[in-house]
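Consider the two complexes below, in which chain A is the common component and chain B and chain C are the respective partners.
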Partner chain A sequence: MSAMLLNKEKWPEFIGKLTGKNLWAPKLEGEAMRFAPVAEDEVPELTDGNTRIPPKNIVFPQTETMYRFQLGDFEMKEPELKEEMILLGIRPCDARAMVIVDKLFSWDVDDPYYLKRRELVTLVGLACSEPGLNCFCTSLGGGPASTEGLDLLMVDLGDSYLLETITPKGEALVSEVSELLIEADTEKIKMKKKMVSESEGKIKRSVDHKGIPEGLPGLWEDPLWKSVSASCLGCGTCTYLCPTCHCFDIQDETEGFEARRCRMWDSCMFEEYTLHTSGHNPRPTRRERTRNRINHKYNYYVDKFDVIACVGCGRCINLCPVNIDIVEILRQVKEAL
Partner chain B sequence: MDLEQLRKTAAEVVVREDVKYLIGWKQGSYGYRVAPVFVEDASGAAELLFSPLCTANLATYLTLVEKTPLPRGQEADKRKVALLVKGCDSRAVTQLIVEHGINRDQVIVVGCPCPGVVDTEKLAEKYPEQGKPAEVEWNGENFVLLCDDKETELPRDQFLAEKCRLCRHPNPVISDITVGEPVEPWTLADDNGVEEIEGKNLEERQAYWEEQFSKCIRCYSCRNVCPLCYCQDCILDRLNPTWVNRAVNFSENTAFNIARAFHLAGRCIECGECERVCPANIPLGKLNRKMAREVRDKYGFEPGVDPEAEPFQASFKPDDPEDFIL
Partner chain C sequence: MTAENPYIPYTATVEETWYETGGDRCIKTFKVVFDDEDVRTNWNHRPGQCAMIGILGVGESMISISCSPTEGEFLRFSVMKMGKVTQALHQLEPGDKMMVRGPYGNSFPVDDWHGKQILTVGGGVGQAPLRPVVEYVKANRDKYAGLTMIYGARTSGDLCFKGEFEEMSKSDGLSCHLTIDVEEEGWGHNVGFVPQMLLDLNPSPEDTIVITCGPPIMIRFVLENLKKLGFADEQIYTTLENRMKCGIGKCGRCNAGGMYVCKDGPVFSYAVLKDIPEAFA
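Showing the complex of A and B:
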């Protein structure tokens, strides 16, 4: 790991060197920020706060064509994934989320689509100096400058960015822009440490998850599930905006004699999600569906992969139309243990 | 609004034997959030709130209840549901009655005359949300923000929600019990809320909506929050045949959004919930408001104001204008 310094005066030049390489950065669309490609002559400004739509769709697109086929033809045409990309300004929580989801997509079978995209993307992180109101990453093993999953971490030091390389991919990127960088001295490293500890201090929300993964099965019929889900609308906001939610559905779409098999995001909060062909639904109400959402993140995933499938980004809290608050649910779970 | 009176009235309603629960608003977990609450006993009524932050239209919960098969020998719970409503919310209840979506005698409507709610996004932009829940109250013409023992006056013309600028029914159009004094309807905004779009030519409109619908992530929060989107078997959920593909792209997103807008023509009561909840900030209010204007201007019909009315899409008059038919 090496630390370099990029003066902000050289920012446009730095961006200029990357724009030809399929560079994506956070962009404000209306009032909602999401990752979008950076045009040749564009210089993105990195602002405080996280994107509203998480960058998971970069490696796990909302709709992915698996293969195409034609009537009367047994040949399947698989799309070729080969374009590399750089994701600039991803927050440490979202990069950590990818590491968590990797476990699922490389578990029983290696998922070719997901893993290929993961291989092609370089994650350039941006440490958080102003965490959001509902951030609680520090409760779950992350932090404002966590490097898990990142190839390169940038830390805003006011008039310059500190660049820490983490992986060979990050090193390769740094070597391409090396003439813009200078070696960081110990003074700058100290500044980073100060910034990070201040930032950690600004995180107000927390989850005490000790005992929750083991305790959840015992709360299966607890009345708390009814009360926390009473106002749930059953929409997909919490799951679609969650960087670790990874459920999908596979469907065939036809147009004339041509068809494609594609997979698309699905949400355990939808009624359709568990509906059987017979008409029976093992999760018939929003109570069971809410219980599943919490159990999947804080119990099943821990059982299988030894990590909580929640990074504390706070999106599900920020955007729930009816103020269903996962920190509050987990507090109640903890109380009921 | 006298909260004591509201809580007292609510407590009296929920203890009634023929009432299952009362749906109201309570303080949310942080910032300017207010959460819907299901009050089942008198003590729960102490949590109730009615303030300029109570934007959510609770009428949606009347039809959102999932009916699971009853265990053998068990009787269905036929008790009534009580509901707090603002003017706009009461129109949703009325429209549901018109469409036989609910039975009038199954609902107890507790009307809260509403002087208008605040646009919480605008509020958060000017005064960022804090971890601690904040309060907002009505204060004469304006709103007042109470946070950290500080009172901040919020001018009405800056912070009034878009839907309220154009609101014609601030007082509940139906109610069994009214809490508080009726409010004087205010002068409506000069514009109709869709002028910006109407000013565009066809190509510009196409480009505008193409940009908007491309942002849609198909979370269906607009559909689920809508008090009048309550089909048991929604066309969008159908798989055999699949009317609208699950793929997320401009074409399918447009099919979804247009289908919803058409199904709401003459039924949308302009509570603005779809626009409020959209995580992608698609201006759905503009779309539905335009449809509502068309129906009102062409057919003189306004949904959700008369419980005896015939449903718009199921009625025909010989002199209905038909100038749009080629």
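Showing the complex of A and C:
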């Protein structure tokens, strides 16, 4: 690991060196911030706060072609995934989410689409100096400057960015812009430590998950599932905006004789998700679906992959139209244990 | 893209089809053979496994493989006409192509059951995943103490695999007990529900493995009655189904509690199943 310094005066130049390399950065589109490609002459400004839409679509597109074919023919043509990309300004929680989701997509059978995209992307993280109101990453093993999953971490030190390389991919990126960088001295490292500790102090929400994974099965019939899901609209926002939610549907689309089989994000909060053709539904109401969502993240995923499938990004709390709050649900779970 | 893409199906040709049952929700059986010789040779399924079958441009459905590998280098699927994909499949005729990927899921541990008496308890189309076990035991007759099959449906017309029962009853150590819900003229077998027939037959739990599949309500009472007969949880197996898309534990939806039916199942012993909260949901 090396620590370098990029003076913000050199930011446009730094960006200029990366824009030819399929660079993506947070961009305000309408009222929602999301990751978007950076145009040749564009200089993105990295601002406070996280994107509303998580960058999971970079490795797991909302709709993705699995293969194309002609109706009546049996030759299936897979997309060629070979273009490398750089994701600039991903927050540590979202990078950590990718590490968590990697486990699922490489569990026993490799998912070629996801894993190929993961291989092609370089993650340049940005440490959080101003955590959001509903951030609780520190409860789940993350933090404002967590490097898990990142190739390179950037820390905003006011007039400069501290660049810490984490992986060979990160080092390769730094070597391409090395003439813009200087070695970071111990003073700057101290500044980073101070910033990170201040940032951690600004995180006001927390989840005490000790005992929850083991305790959830015992709460299967607890009345809390009814009450916490009572106002749920079943809109699926919590899962669409969750960086660790990975469930998908597979559908065939045809236009004339041109056809493709594609997969798209799906949500366990939708009735159709588990609906059998017979009309039977093993999770018939929002009570069962909410219970599944919490159990999947805080129990089943822990059983299978030894990690909680929640990074504490707070998006599901921020954007729920009826203010369902996972931190509050988990508090009630804990209380009921 | 990597060389191995588990989502790409193989083409197979429909060799034969026939109807098991009639009506709006009729069940049609397809005997299919993979087009590629290597696929044909390397394909290796075990009793209880499933496959994603479908038609390009329409979609895929997870269907039990209803034949035993001992029967030959072909696959059989018995498909009830229900939704978009199965309706399209029903239009296939001999010579048509079907897409197949798999085999998926675990299987009945038939090789751990050598020396045992096997009892299958099936209802309706639930006999489809049990049939491979029946055929496997028949093909390896010397390795098992015997096989008893209980099979029921609402009416005689709703029973699948009809032509195969007569022959079975004549074989040594094999017996076949059929039942329908309501009396019909000319029906020479039992009348009544499957769980009751199980009680009436009163099989001994000694050195016996029971596997059951059918409608959830039937399974529930079969399990209840098996306990009454003194069967231990470890002697009882069943196979679950849920809506599925990927078949390889990625798409998320088929979970019953923390178990993915497509990967951790579909076969579960009751010893495992009784602790899965959603298993019978």
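Here are a few things to note about the model shown:
Going forward, the second predicted complex is superposed on the first by the 337 of 337 C-alpha atoms of A that agree within 3 Å, B and C clash if a C-alpha of one lies under 4 Å from a C-alpha of the other, contacts with A are read in each partner's own complex, and residues count from 1 in each chain.
The working rule: contacts are C-beta pairs under 8 Å (C-beta built on N, C-alpha and C of every residue); 3 or more make two chains touch, one makes a residue touch a chain.
Note that this is a predicted model, so its numbers are computed, not measured.
Aligning the shared chain A places chain B and chain C next to each other free of steric conflict.
Judged by the touch definition given at the top, the superposed model places A:249 against both chain B and chain C. In the superposition on chain A, A:218 makes contact with neither chain B nor chain C.
By the touch criterion defined above, A:12 lies against neither chain B nor chain C after alignment on the C-alpha atoms of chain A. Applying the stated contact rule after C-alpha superposition, one finds that A:322 touches chain B and leaves chain C untouched.
Once chain A of one complex is fitted onto chain A of the other, the partner contacts of A:71 are limited to chain C, with no touch recorded for chain B.
Look at A:204: by the touch rule set out above, it reaches chain B but stays clear of chain C. Of the two partner chains placed around the shared chain by superposition, chain B is the only one that A:53 touches, whereas chain C remains out of contact. Between the C-alpha centres of chain B and chain C, as seen from that of chain A in the superposed arrangement, lies an angle of 90 degrees, given as a multiple of 10. In the superposition on chain A, A:133 makes contact with chain B only, while chain C stays out of contact range. Smallest inter-chain Cα distance, chain B versus chain C, after superposition on the shared chain: 5 Å. Chain A residues in contact with chain B (one complex) as well as with chain C (other complex) are 249, 251. Those residues of chain C whose C-beta lies close enough to touch chain A in the complex are 1-2, 4-9, 11, 56-60, 82-83, 86, 97, 99, 216, 241-243, 245-246, 248-253, 255-258, 263, 275, 277-278, 281. The part of chain A that touches chain C in the complex is made up of residues 66-67, 69, 71, 74, 76, 78-81, 104-105, 107-113, 115-116, 217, 220, 246-252, 254, 259, 261, 263, 266, 268, 273-278, 280, 282-283, 288, 292, 295-296, 299-300, 303-304.
Note for the complex: chain A touches chain B at residues 29-32, 52-53, 62-63, 133-134, 204-205, 230-231, 233-237, 240-241, 249, 251, 253, 262, 264-265, 267, 270-272, 284-286, 317, 319, 321-325, 327-328.
On the side of chain B, the complex with chain A involves touching residues 28-31, 33-38, 56, 60-61, 64, 66, 68, 121, 129-131, 215, 217-221, 223-225, 237, 242, 245-249, 273, 276-277, 279-281.
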